[in-house]
Each structure stands twice: as structure tokens, then as C-alpha cells.
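First the structure, which I've put down as C-alpha cells, then a few questions once you've had a look.
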Amino acid sequence: MPAAMPELAFSSALSSAALATRYTQVRQQTEAICRPLLPEDTVVQPMLDVSPPKWHLAHTTWFFETFLLQQYQPGYVVHHPDYAFLFNSYYNSLGSRVNRADRGTLSRPALAEVYAYRAAVDTAVHQLLDARANALPASFYELFELGLQHEQQHQELLLTDIKYILSTSPLAPAYQPAKAVAASSAPPVTWLAVPGGVHTVGLQEEGFSFDNELPAHPVYVADFELQNRLVTNAEYLAFVEAGGYQDFRFWMGEGWDLAQREQWQAPLYWVSGPAGWQRFTLQGLQPLELAAPVTHLSFYEADAYAQWAGARLPTEAEWETAARYFQPDVAEGNFQESGLYDTRPLAPTADPARCHQLLGDAWEWTYSAYHAYPGYVRAAGALGEYNGKFMVNQLVLRGGSCATPASHIRLSYRNFFHADKRWQFTGLRLAR
Amino acid sequence: MPAAMPELAFSSALSSAALATRYTQVRQQTEAICRPLLPEDTVVQPMLDVSPPKWHLAHTTWFFETFLLQQYQPGYVVHHPDYAFLFNSYYNSLGSRVNRADRGTLSRPALAEVYAYRAAVDTAVHQLLDARANALPASFYELFELGLQHEQQHQELLLTDIKYILSTSPLAPAYQPAKAVAASSAPPVTWLAVPGGVHTVGLQEEGFSFDNELPAHPVYVADFELQNRLVTNAEYLAFVEAGGYQDFRFWMGEGWDLAQREQWQAPLYWVSGPAGWQRFTLQGLQPLELAAPVTHLSFYEADAYAQWAGARLPTEAEWETAARYFQPDVAEGNFQESGLYDTRPLAPTADPARCHQLLGDAWEWTYSAYHAYPGYVRAAGALGEYNGKFMVNQLVLRGGSCATPASHIRLSYRNFFHADKRWQFTGLRLAR
Amino acid sequence: MPAAMPELAFSSALSSAALATRYTQVRQQTEAICRPLLPEDTVVQPMLDVSPPKWHLAHTTWFFETFLLQQYQPGYVVHHPDYAFLFNSYYNSLGSRVNRADRGTLSRPALAEVYAYRAAVDTAVHQLLDARANALPASFYELFELGLQHEQQHQELLLTDIKYILSTSPLAPAYQPAKAVAASSAPPVTWLAVPGGVHTVGLQEEGFSFDNELPAHPVYVADFELQNRLVTNAEYLAFVEAGGYQDFRFWMGEGWDLAQREQWQAPLYWVSGPAGWQRFTLQGLQPLELAAPVTHLSFYEADAYAQWAGARLPTEAEWETAARYFQPDVAEGNFQESGLYDTRPLAPTADPARCHQLLGDAWEWTYSAYHAYPGYVRAAGALGEYNGKFMVNQLVLRGGSCATPASHIRLSYRNFFHADKRWQFTGLRLAR
Amino acid sequence: MPAAMPELAFSSALSSAALATRYTQVRQQTEAICRPLLPEDTVVQPMLDVSPPKWHLAHTTWFFETFLLQQYQPGYVVHHPDYAFLFNSYYNSLGSRVNRADRGTLSRPALAEVYAYRAAVDTAVHQLLDARANALPASFYELFELGLQHEQQHQELLLTDIKYILSTSPLAPAYQPAKAVAASSAPPVTWLAVPGGVHTVGLQEEGFSFDNELPAHPVYVADFELQNRLVTNAEYLAFVEAGGYQDFRFWMGEGWDLAQREQWQAPLYWVSGPAGWQRFTLQGLQPLELAAPVTHLSFYEADAYAQWAGARLPTEAEWETAARYFQPDVAEGNFQESGLYDTRPLAPTADPARCHQLLGDAWEWTYSAYHAYPGYVRAAGALGEYNGKFMVNQLVLRGGSCATPASHIRLSYRNFFHADKRWQFTGLRLAR
């Protein structure tokens, strides 16, 4: 595990000093992610799903200002009266806001003003922690923790949005210098059996979780098998070369129509050139690393690959059952802290009886809709909009990716995207 | 049960003569549904989801021609070489076809030619049944049955599409004369307990089913309660009048955005006028029948109502578990054969311990994604496209409606639509 | 001139009986045009510019009802209170109306009801003419004439809309049996000189004109030359085969972008097949008649052809100057009354010193914007919307077409369409 | 006339040293315009018509590189192989290019790289001027002049695009500090008579012009009257307050539909608040200056105002005839060099017999389509695309604006925009 990784510890259990340290760590990590960017890079929005980095920097700050400072700091005056309009993401409870499609049209406030906003809010949060350390209610600590977890979610989005932003230029600019990873072939695929039965799914540990992981509840799962590692670029390339993008039989209907309309021929960021397949990465254009996990797949592509391979995607209950069965070590995962972003082949000698890459490397598409768990209750007020209102029309992904902070992931963690989204580090693992 | 209802009997068990009779019954019912229409009514397509009745008449015929006559009648020559292009719905396996959005731009072939097409195919099917009665393989009978079930699905679509077509005119034309239904209040709501456990879901009976009902498989369901009848117009009206369409807190985010954009104020077909609420029906504009089940709701509206009512929608596993527990009698349901279409209040004296309206009256939105059952296998060839390629991004509805043929429904029957669709006879029942 | 052609005579000069005869002639001609149609053909709207024939039949009737009966017949009660909403075309003065894009979604009122509407209004108009013959003011006669001219405009639109409607079916149905026209080559092209100077443009004769032809006014025109006949299919085919649709240099920028987006390869209705080029016509699919004038060109195509041919389109002032100089005989023109629709090659021996086809055959695109003439005044009230509000963003076409009634055309007549429109009988003549 | 204004002198008449000076002046002025911007401001594209300032900086440079350096500097190697793709505006002759709608999604090349590109090209141009001073053909000087004039056009676009970019932020940032202008009321309106006849329109002077001003040609113009100054904000406000935006009678049909759809209530940038009407300006939000000319009108609004005022817009021939008759002094105009941008009321004592503001202040919409002059010939090669392919569907504006360089305007200068465009400094003057 990288030395810099902050401990996974729920806020309410920590001292004020420890809270302040943790807060600083998370907030600084966000700025560290943005440090290689030019001001120009921080304002554009080349597609609707992407937000400008400047917006992320401000929105996460607005979150602390709105949910902590305004509620717990008596007499707090907002940094700027227009920022709620500019940096509210989707909370109807908190009033009107910039149309999402227009985030990339706003050059102002300038990047420097956004950093000043961050600094002002950071100062105020530290003052609040210092001054009212003993007077803060339990709800404060929950929101404090939520603010940090929220910021970590945006750290991952920042990395994927930056990747997309840089990818749109024919100059193929690099976000970071290429990092050498030992060339290797992936270990051979094996199928690992997981015993079925009525298993419990959802958060069962101490500590923070999002409300969408609650309540833990029993689910019947039949016996099944799961592959011992993620599908690799080499394996996915075989699908591409076998004409998988030209054969409707493997595809969901809506996926096929979209793939035709958008003329998909391979995963996002794959570029076919005279020197063979390349991928646009955060290190610029690089040769396709065959042993690394395939990423930047939509659900449609992941599912079509599985159909072609004569297998299927796991459900999220299967995935979590397997994860609880194999108990992966988060310290072995390829996470944000490793700084490798999307490029970590396993050692070819990896133990064939172990289940690799369950945590980190790539989010794994499941064949489960993102719905509320039985007994789920939406919170009152604005935070009821955090997760609950998205619980239809999306699919669950599990396990975290190379852009997820290691301290942010859990076996019960539910990520979710629409079936057509490709700009996250999304891959797959086969089940049967 | 109406006298005219055909028996629910799987084709392969019947004699050729009985098959011929059943075929004739189903095919004639389709034409009976279209009989009140003018030629003008049969060509328009006022929204993408609706198909012109002329198209339905031809498409169901093309289905028999393509899957039966072309495969089992040696030397069969298609009725017209362009009809495959014109009347293929969505089978990529069977070649290119008219863009769905353009179905309503085609005045030709004329309605009379489509009826001639129907007659020619009917004659050929009867000849096939007569001549090769003993020489037809089992697969023929499966496809024959599928063709009939397919036509029954289109009978329901015809009724809902006709309703939508007629609704677009300010003249509010009636499809049929109004049918008197005894005025009544609905019986009081009760909550009925259903015991949980690992239950089996999916087809467990003899006879026909679609492949999406297979295989039967165990599902864990917790104890739950279900209301004894469908939500009524009166109950839904209370939600409308309480400002339910103006309060985002009850709504899924995508539903709220859609409702704002489309300015929804009530279910589809509700019209607010000086004399209070009216509904456009197949009998023209009629007063809102308070005791009748609410219909023409999107999932978003059904779900928002449930949130507002402090309850929730059942999952499809819960629904089927309850249905198998209560064993509703199909003969009591309000189906196509009753000809009442959307207007059947229960007797106010209905037994409060019984679960009413599980079959017929209105499709019940569930909070379950329309996904493949565990172990589901897509068929090879064109019929693999019948259901399998739609198994993402939609939600399951259960129980059949007033427009469903009684002989077409089963406890395991899975209907499915996108969350925004409102033109079917879709309602809800609360769970908790 | 065909025997059936009504006399071109301004209404106010005629007796009531003559008016009644003329009214009947025009109204019957509209119905004669629709007689070959099936009811199904009369409701569809395969593109925004096209209106369903049923709509034309009703709208022209609504015009008489609104502008004549409601104003001059005391106590007149409208035929149906919803028809103003349904059949108002674009008069803001006359209230809200069906969205133009939705005209093809309305199956009701039925075609038969529309004919009943026509009959009722016709009866009322005749009664008005009979009963109040001596009491009607001059304004009545102007509106009466306008109603007839308006109906004639819709006769032409009916023919072009019917053509488009039938063209969308792969069955390529024929509106009428093919009419034999003597095969011929076109006469050789010559350039005819027209002397320049300050010429008067606009209506200078007695009788009816639309307000857009007024006032007559002087225009300076330099000496120029005009071709002696319209550009033929053979000539245009040479442009197609020379790669004219693949060479941006000949095209206006917006035209080129459109042609790329819509993948234009030839004029509308041209179909390239194994047997060479064919055209969809009102007689179904027919071989391309090389000596006939090219039609169904957008302005962009006409202009690109002219660029390619090293010439240009005339301005409307040039066209009218030439027409007044050559004084074409309307009786020689190919008009609606000939029933040939788009297919009239000239005799190959046509006099090379005469200017042919100035009237009839095809509307000639000019390179003149459709703007108000100097001194033009919009009428007060609803009729101010008849022409005036369209006087920007369109181009003028001159001379009438094979679908124009001969009695409807004049040397000063200004037709106008946007540069991208192709479904009218639009062609060109070169100038230099 | 401001001291800094470069002389209007055609390049071919100048020495190499004078050319170099002039080149430097123009190029530096572009950069001076961009100096107040943050890097963030230079990348966004809040609407399709606007280009990011960074793009303008690069595109104008690409123009010199492509048309001068690549053609006249033997062995010249382009600065970057991707820049032609990135910075070609619309020249099909010069290959594929970034979709216009995507200009605002490109953060790279960075602003600093674009300035380096400018510097490199400037160095190369100076070297070319130095080294080959006596060896350059006449065509070089024409292209050199065109490059400068082209850059001046983009200077005006830069100012209007910057204004639009800054306007989208609720922070209403100022591009420059407010400049005090003596408060005043406008001089009273008078109507000035201009004698008609056959007048010559188009370039008749020595020196540079765009090809769209050629050839000079006779036009017949009737006697007319023109107002002695531009319409003011006060006059236009009276139209707004009289309900002009709610009364379709004054509007062209397409303008009315657009105004309804976009909910126009006043000119672009007008904001109604508690303190009355304000305007967003390059100095931020400012009170509406009543005596200043109204700007940021579409043609539709200018025309509707004229209709309401019982007058009309002049044609471009009338405008040029009047301008040649009144011979305005460019030195009295409010141009880019004054730095006032959109805010120059005339002295209230202005001579009522003189025609003011014909040059500078605001582009004046004419009621003339932007068409080729009789005898116009498109140049061969890429420069044939400079003007010719736009000569349809747009309207002519005359006289230059407060953002036009004074050295760039001429009496024969033809600017052109679509009727719906509002982001330029566009106003009007009445004719009758």
C-alpha cells in the first residue's frame, strides 16, 4: 500500500486534530490532482458527463460550505452570493443552478478565485473544528465524513474528466509522464467456484458507508463461478478482431443502435493506426498493453463481450458474495495512490487459485440495476437527493478502479452509471 | 368469464382442426378490434411508441409468413417482395426495414391491401395445417403458438395505440359507445401479509410461456405486505391535489426532469376542465371514475405516488410470490374480452381479506429491472431477438390489463416498458 | 390551351352567376385532384413542408368560411367550432392552431367529414352570392377572388404533396396512369440577348394580383443574355456524372453542408438503379426523360449547376424584363390543365430565336431574395399575414410549373421558397 | 481620429519597411485586445457563433502561414502539423478541420503555445519581407493586405465574442474599466432627403476592398429619406414598453417564432431589474444609456421596430447612395480605436442637417440580401471560399461599428449576418 494513503477511519471516532489532518489530506489531494493542469484545461466540458476541473474544485468546496459551515458555524457568511447558483450540482432542495450543459461555457470565476474560495472555506472549517470541537453534534461528524467521501468521489471524476478533456485534442497531450510498468503477460484465466445460498449483501462492517449500501439484507445466490482476474486488453482485442462490433447477435438492442450511430469500433480511447492499436492514456498515446485489464467499456460492450465469450456478467449480489468469500486485500489493489492510472498487469505467476483485482484496477460492470436495497429510506432534506433519486435506469459497478482512493472503497460499495457510459475506468470480469 | 374467450391451451396439444379454430379466433379478434376504425385512423403515428393499426395488421401477418410459411411450406412464395422491408419490426437477423419513426408516413399499401395480405396468409396457413398435419415437426407448433401469442400482444398494443391516436384530435372521437358500469366506491384498502422465504419465481406450469419467464429459479423474499387492490383514481387524485407534481422530493431525478420538461400535471389522458377532471377514454371524454383503478401512469408517477403515500412498489419477485400465494382467478379479472377498457371499479363490498385485481384491470409497475433470469439463454436465430435484446433499461410490469386477452396472461408473465412510458394501461399497487 | 381551363377574369367584373360558375370550377378542380387518392393517402405528412391532402381540402374551405361567410353572411354559424383550430394555417390574427408538424397525426375529422364541410361551405357561398348579389361591397369581391387564387395555390401544393407522399413508399404507387409524350430531344440551346436599362417590374396589367407583386417600380437592369429554354435532365445529368455533387467549389456553403448531411447525389426523386437513372413521378417510377426540363432542384443545386456551367441564375428583375420582352404565350405552356406533370420536352425543332418555357413546365429559381417591393404595404388584419411576414430568407421563383393552373400565372407572379426546398416542380434557366 | 489609428493604405504601395510596421501594428492590436483576458476566458465557446479568443489568435496566424509563408517562402516548414486541422475555419480547399461546435472543447494547444505560434509566424513574415523584398510578386501584396484585413475582421469578432463570453457568467465581469462619456440626450431626429436615380454602388476608390464589393455597378434608387442618426436606446425602449415584443403584427414570421421560442423581451444584453433596465457591456453591467444608439439587435428586431415606427430599413443601395451623398468623415466615427465599445451618444446639439453615425457606432441592418453583385466572380482556389460561398440567406449590414477598426471601413464595405444574429454591435437607422 502506498505510504501516502490516508487511513480509512470514520470521522466521529477521531480527535479534532486528527480530523483536521484528515481534512487537509483529502483537500490537498484534490489540488494535487489538478496541479499538472493549465488554467485552460480547467474550464472546458467536451461532453455532458464531464465537468470542468474548476467546477469540481469549487463544487466540493461548496459542499462543505453548504452542509457544514452554513449549518454549524453561527453567523457564517457565504464566500460569494452567486456560488450556490454556480456550484450546486443537482440539489433541487438548494435552489436553481447553472444548467449542467453550460458548465463549460463559464470562464469566470477564474481558477485563481476558485482556489481562493477553497482556501477561505478550508480556513473556516479549521476554525470550526478548533473553536467548537466539543460543541459539535454527531450529525456534524457524519456530514464532515460525507464531505470528505464526496470529495474523494470527485477526485476520481477529476481524473476521468481530465483524461477525456485531454483526449479531445489531436495533440494528445499527456497529463503525467509515462510510468514504467514491468512488461508481462497476464496470468492464465481460471474459474473459481463460489458456493451459493442465502447470503447477506450490504454494509456489515463498522464505519462510514453511503446510504445506498444499506440496509444489509439476505439475498439468494445460486452456486456460480467467477474468473480469477479481470478481462485483459488482449482478450478484448480478440473480440474486436473477431468482428464483435459488427455482429448484432451479441448486443443489447439499445447498445447495438448506439454503437452503430456512434460508429464504435473498439473501447473508448482505442486508436487504430499504422503501428497497431494504441490507447489514449493520462500519459498520452501509448501502445495497447495487452496484459492490462480492459477499461473504458460501456455496459453494452462488457455485456456483448461476455455473450461472445459464452459467459455472462455477475450480478452485484454474486460479486459481493464472491468478494466476501475471497476477502481481497485492499493493499494489493491498483488505486489512485499508485498513480499508475489504468495500467497494471498482474504478475504472470499470480496464484491461479486466488481471485485477483476484485478491488482496484477497474470498476466491474454487473448485470444488476442500481435500485434501492429493501428497506432503504431516503434521508430528509437535501441529502436525500445524494443517492436516492438516481435509483433507476442505471447499473451497478463494483470494486473501485485505478482512480479510486484506496481509503474510499469497500466490499459493499455501489457505484452506478448508465449503460452507455464509457469515460470511467470500467471493465469486467466473467461469471457463469 | 366472457363466453367468447378462447381456451388457454398450448398448440402442440391440439388437433389440426382445433389449431385451425384457434388460429381463426385469434386472427379474427385482431380484425374485430380494427373494425370500428376508419382507414384514416389506421395510418397515423402521433408518437414514436405508437404504430399505425395498419402496420400492426400487417406485421402480425408477416410474422406468420416469415416464421411459419417460409420455413414449413415448401415452395412458398412471399405475398409481396417489399413487405419484409415494410413490416419487419426490429429483427436485425431479417434485414433492413422502415425506420420506426417513419411508420406513420406510409399511406401504402392501402388498408384493403393489408387485409388482402392477411387473407392470403390465413389461407396459406390453413392449407399448411390441412395438408401437412402429420408431417409438421414440434418446432412448428412452438412457432405457431408463438405467432398467436405475438398477435395477442399486438391486440393489446392496437387498443392502446388506437386510444392514443384518437386522443390527439380535439374532437375527442370515441372508439366505442360508452358502456355503463355500476357506479360504486372502491372497497376499503387493507394490507395483506405475505410470508417471505426462498420462493420460486418463473414459469412452473405446463403450457406456453415466453422465454423471459424461464427458467424458474429461487429468490429470497422478506416478509412483506401488499394492498388488497389497485390504487384508485380517487387516491391518485389526492396526490395530484396535494401538489405531488410540484414536489421534487417524491420523484426520481430523471422522472422529475421529464415531468417538468413535458409539464405533466396528472396522468396521461386526464383533462382538467370547468366540470372537474375528465379522462379521455376509448369512449371519448368521460368523467373521472373515482373508484376505478388509476391507469396511464409512468413508472416515475407510480413511484412518486408510492413515496408520497409512505409506501413503495413491490418487486417482481414479491408480486409473483403474492400472486402464487393468493392464487387469483383469471375469470374474475377485467380483460380485453370484457370490452370495458379501463373502467372497472370493484364492488364496494369486496372481501377485504382477498387480494383483488392481481390479474387484469391494469399492469402493475414493479420496482424491478427487466433483466434475464439466472440461467436464461437467448434462442439462436431471429427469435433470439424476440425478448433477449431488450433486457436492460426497462422495468417489469405484472398482471395484465383490461386490454390483455384473458387467455394470454399468466402468473409468471413479464411485461416491460421504459420508466417514462404512459400510453399503456399501467397502474400500481402499494407494498411495504 | 386545354379546353377546361377557367378564364382568367377578376371577380368584381363578373356577374353573380359567372362568379358562381367560376367558384364551382375552382372548387371542383381541387376535389378532382384528390379523387385518385385513398383515404389513407389524405392524412399522412412525411415531411414538415408537406401537408396532408385532407388538410388542404379543409383549409381552403376554412379560408372561404372565415374571410367570406363570417364577414359577409349575417348570422353565419361556423360549421364546427374546432375547425378554426384545426385548419388555420399560420394566421396569428386568427388564434392558436395545430402545430404544423402535427398535421399528419390527426386522423379525424375523417375525409368524409371534410368533404361534408366543403359541401356545406359551398352551399353557403352560393346562397350568399344568390341572396345578396347586389348588396355585397367591393371588398367582398376582392376576398372572393383571393379565396379562389388561394385555392389554386393549394391545388399546386396538393399535387406536389401527393407526389411526395406517394414517393415515400417502396411500392412507388402511381397517382395516375402514365401519359405518352412523344419522345424527342430538346432543341439546341441558344443565348438570347435582352436589352438593359431602367425597366418596370411588378404588376402593370388589369386584374388580380397578390400584394407581393405591387407596386410596379423601376429597376435598373444591365444588358444580359438568357437561354432559350429550361435546363434539361440530360444537361443536369452531365453535371451529376461530372461529379458535381462531390465538388464543393460549385456550391454555396450552406448548400454544400446540407447536401453532405443529407447525402444528396442527384435531384429529389432521381433513383439510380441497374437500368440507369429513373425518376419517381406521379405516374410511378419512370425512366429519366432526357429532353424534359430538370425539376425538383433546390436553389443550391440550381446555383451549383449554373456555376459548373460557367453561367448564373437570372435575377427576378432580369427574368421579368425578359418575360416582358419575349411575351410568352400562356397557351403554349405546360400547366396543370395538361395533366402531364413534369414531363414535357419541347419539340426538337423549336424556333431557336424564341424564348421557350418561360411560363409553365418548371418554376425557375432566380438569384433574388423574396423581399417587399419598394413601397409595399402590408394589409391590415389577418390578410396582412398572407404574404408580408414571409419576406425574408427566401428566394423568388418565376414562371409557374406543370402543376400551376394556367389561369393562375402572370408575368409579375412571385413564388418563393427557402433555398433548400426541392419538392416543388423547380428548375432553372441560365443567364449570363 | 485617435492617434494610434494605422493609415488606410494598400500594401502594394508601401515599402517593405512600411509593410513591416503596418503588419506589426495590426498583429499587436489583436494581442492588445486579448491582454485583459485570463487564460480561462480564451478557451470557451458559449454559443456556436462565438469562437474562443485563443482560436482567433491562432486562426489569424494560420491564415498568414498558409497563404503567405507556405506559398512565398521556399522551404517553409509549418509550425505544427496539426494546426491546419485545428485552425482552419471553413476552407474545404484546405482539408478537414475541427467541427465548429467543438472549438470550445479544446484546451490545447495552450494559450502560451498559441502566442509562441504567433511569434514564430511573425518572425517568419518579417524575414520574408526583409529577404525577398524585391522578389515578391504582386499577388503576395494582395494576400498580405488580405491577411491584415482578415485579422482586423477578427479583431471585431474578438471584441464581440469576448463580450458574449463574459456575459454568460452571473458575476458579470468587466473586460475593461468603465469609461466616462458625457451624459447627454441625443439630438432630435430629422429626415434627410436623398435624391434618387441610377447611382453607382460598389467600390469606386483606389485601394483594398473585399471581392464582395466588386464590381461597381449601376442601381436604380427612388428618392427617399433617411434619418439623421441611429435609433437610440430611448427610442427602442419605447418600442419595448409599448409591447413590441408581444405583438406579432410587426414581425417577420420566422422572427416572431424565434422570439417566442427564445422568449426575447428586449435586445440581447438588456437586463430588467429593480433599478430599471441595465445592459451588460464590456464594462460590466451598466445603466441603459438612453442617448446611445441601440445595438445587439437581430434583423428581426430592427425590422419590427421599423414597422412599429411606421418606417422601414433602407436597402443597401439606398444606404450607400446616402453615404456617398453625405460623405461622412471617418474621423468623427466611434470606432475600435476610441475604446468606448457601444456607448457614444452624439452631442445633443449635433447639426440636424447632417447625417450622423453613418460610419462607426453600430452596423446598420439593411433590407437587402447578401448576394453577389452583378458580374462578381469567385476567385479560384481557397480564397474563392472567403466570401462567395456565403452569398445567400444572409442580410447586408453597413457602416461599421464601435468595434471596427477605423482603417478597416469603407463606404462600399459589406458586412453580412443571418437575420437572427444579435451578438454583433448591430443597430439601425430608419428610412422612408
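Labels for the chains are A, B, C and D, by order of writing; each one numbers its residues from 1.
The rule we apply is simple: a residue touches a chain if its C-beta (ideal position, glycine included) is under 8 Å from a C-beta of that chain, and two chains touch if they have at least 3 such contacts.
Labels paired with UniProt names: A, B, C, D = Ergothioneine biosynthesis protein EgtB.
Source: prediction; values computed, not measured.
S.K.: Please give the intersection of the contact partners of chain A with those of chain B.
M.R.: none
S.K.: Any idea how many Å lie between the Cα centroids of chain C and chain D?
M.R.: Between these chains, centre-to-centre, one finds 39 Å.
S.K.: Please work out the Cα centroid separation of chain B and chain D, and write it as a whole number of Å.
M.R.: Averaging C-alpha atoms per chain gives centres 61 Å apart.
S.K.: Averaged over CA atoms, how far is the centre of chain A from the centre of chain D? Could you give it in whole Å?
M.R.: About 47 Å, centre to centre.
S.K.: Residues of chain A that contact two or more other chains, please.
M.R.: none
S.K.: Looking at the whole structure, which two-chain pairs count as touching?
M.R.: Contact pairs between chains: A-B, A-D, B-C, C-D.
S.K.: Please name which positions on chain A make contact with chain B in the complex.
M.R.: 90, 92-93, 198, 217-220, 222, 248-249, 251-256, 299, 303, 307, 315, 367-369, 371-372, 374, 378, 384-385, 389-393, 395, 419
S.K.: Okay, in this complex, where on chain C does chain B touch?
M.R.: Residues 38-47, 54, 82, 85-86, 102, 104-111, 165-166, 168-171, 173.
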